[in-house]
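Paired with chain B in one complex and with chain C in the other, chain A is shared by the two complexes that follow.
Let's look at the complex of A and B:
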């Protein structure tokens, strides 16, 4: 897997109108693997907290007997966090504006997850 | 989890760090291995070992950095199967403070520990009393100082 694969996967996500940044995060340690973020977004903080959240949500979903999570969308007052787990132990994360087309972002996140698996 | 401090100003930043980062064991010490505060340790002998080993690792990596012509490394991380170790230093008004954190991989992650270490560094800088570095312990006083510190840390 080369860095350009990550870069092109992230570029497709950040190409969606309203997306302020995208990143590949290592799920096990919450560290940034690759990122394309607008200024002002704290990549390390988003990575650590999103991975922690994804791990806990994953455990809750397994505990609830609903299987592995495939897409998370957290809507906040001033934006949204969208994430898709990829097979290689990665989490693909997008930080977006509140009015973003979540369906389109989801599609690009799933494509990105597929491309790095 | 109980945190105890020899230097009182370290207690609040340490407690916040432990809660936020979810670290299992944390030791704050000088680069020479003098313990300033601890959280999670139950035996004095473990604190002594961890402080000695942490100080040795810090000294080794600082020397490697010096030989490479680099400033001291910002942080050092080791990851095992179930636990991880994070070691990093922060400059304060009382001199450099080395933090050693041991975390459970089921509970937290290196990313979270690093993230909240930044906050710990900021908190320690602002909490450290002005007025020079902490006095260095002389060899002659070492045992008494160590004994006093351990008594404070374990509430004896």
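Let's look at the complex of A and C:
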């Protein structure tokens, strides 16, 4: 997989109004594979937490009978973290402002996940 | 009335974006043509999703059809759009009344009275809730569905405290309340094959609240308010009713994420009250 494929996939996500950054994260170890983040966002730490959260939730969801997650959305008072797993053991993550169109971000995350599979 | 319906239907056919669907839906509801009324209301809502009166109309139809779960959601949505909507306040009061939560019923009626002090239906309903004056003859006023009788008057027992989510849809198979260490406080979950999955899921969720909080803090997003996820066979929503508790709601994919969040908020409110009572 070339870096330009990641860059192109991330650019589409960050092109959505209200998205402050996007990353490709390795699900197994939480390391950043590629990122396009606004200044001030601690990519490495966020990646580690996002991967850990996704893994925990994934296992809980499987246990609860709804299958492994295909989209996660953490809503907070001043923004959101949205994520979609990609086939190559990656997690595509977006950091967004509060009023973002979550449906549109989800769509771009799914496209990005598809493009890197 | 039949002519009115024909006329309004024709108007709506000519201009599908017209608000005439509100009158048409209401007329159909009054004629107890609930299925058609609901279709009219739902189609109207698709075109006017932020119209409080449209959500209120759908809620009244659903309440008439005894679909209280969805009626609650629609009235809840109405109040999010228009916080002083008296129709929704009265409707929610009715639903609380139905499940025997007289305090909530009275609180909603008091709120309705603030916005519409002249509404006689509110006074009548308040009198019923307080167990004072019986409702006037001829049934409740327009906009207030008619409960058969207060649960207390029918000799119903109060909801047992250990059944935290009693009365909520999926209380015994799709709602789970945990403490910070992942210990089950209430509710239950079943896996796809019908097996009890409560303890297994609880174990995986231990620490999720802290992790979500740390992630939000790291991103300077403030406190986390909800975590939702889609799966191939269903959706989940997590929220923290208190700092040291976690609530999980699981539903199949027919329940949209937005509605799941509403169900979770309602369950969280019940859980919070229950936790306060235990303190």
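In the analysis below, the second predicted complex is superposed on the first by the 117 of 117 C-alpha atoms of A that agree within 3 Å, B and C clash if a C-alpha of one lies under 4 Å from a C-alpha of the other, contacts with A are read in each partner's own complex, and residues count from 1 in each chain.
By definition in this document, a residue touches a chain if its C-beta (ideal position, glycine included) is under 8 Å from a C-beta of that chain, and two chains touch if they have at least 3 such contacts.
Quantities reported herein were computed from a predicted structural model and do not represent experimental measurements.
S.K.: Based on the superposed arrangement around chain A, label chain B with chain C as either clash or fit.
M.R.: Result for chain B and chain C: fit.
S.K.: Which partner does A:52 reach: the first (chain B), the second (chain C), both, or neither?
M.R.: Both partners, chain B and chain C.
S.K.: Does chain A have more residues touched by chain B or by chain C?
M.R.: More residues of chain A are touched by C.
S.K.: Between chain B (first) and chain C (second), which, if any, makes contact with A:6: first, second, both or neither?
M.R.: neither
S.K.: Quick one: is A:44 in contact with chain B, with chain C, with both, or with neither? Answer first, second, both or neither.
M.R.: first
S.K.: One more residue to check, A:68. First (chain B), second (chain C), both or neither?
M.R.: In the superposition, A:68 touches chain C alone.
S.K.: With both complexes overlaid on chain A, does A:81 touch chain B (first), chain C (second), both or neither?
M.R.: The answer is second: A:81 touches chain C but not chain B.
S.K.: Minimum C-alpha distance between chain B and chain C after superposition, to be given in whole Å.
M.R.: For chain B and chain C in the superposition, the minimum C-alpha gap reads 10 Å.
S.K.: Where on chain A do the contacts from chain B and from chain C line up?
M.R.: Touching chain B and chain C on chain A: residues 45, 49, 52.
S.K.: Could you list, by residue number, the parts of chain A that touch chain C in their complex?
M.R.: Residue list for chain A touching chain C: 40-42, 45-46, 49-50, 52-53, 56-57, 59-61, 63-81, 95.
S.K.: Name, in rising order, each residue of chain B that touches chain A in their complex.
M.R.: 79, 84, 105, 108-112, 114-115
S.K.: Taking the complex as given, what residues does chain C use to touch chain A?
M.R.: 189-193, 197, 200-201, 204-205, 207-208, 211-212, 214-216, 218-236, 248, 250, 252, 257
S.K.: If you look only at chain A, which of its residues touch chain B in the complex?
M.R.: Per the touch definition, chain A meets chain B at residues 25-26, 28-31, 44-45, 47-49, 51-52, 55.
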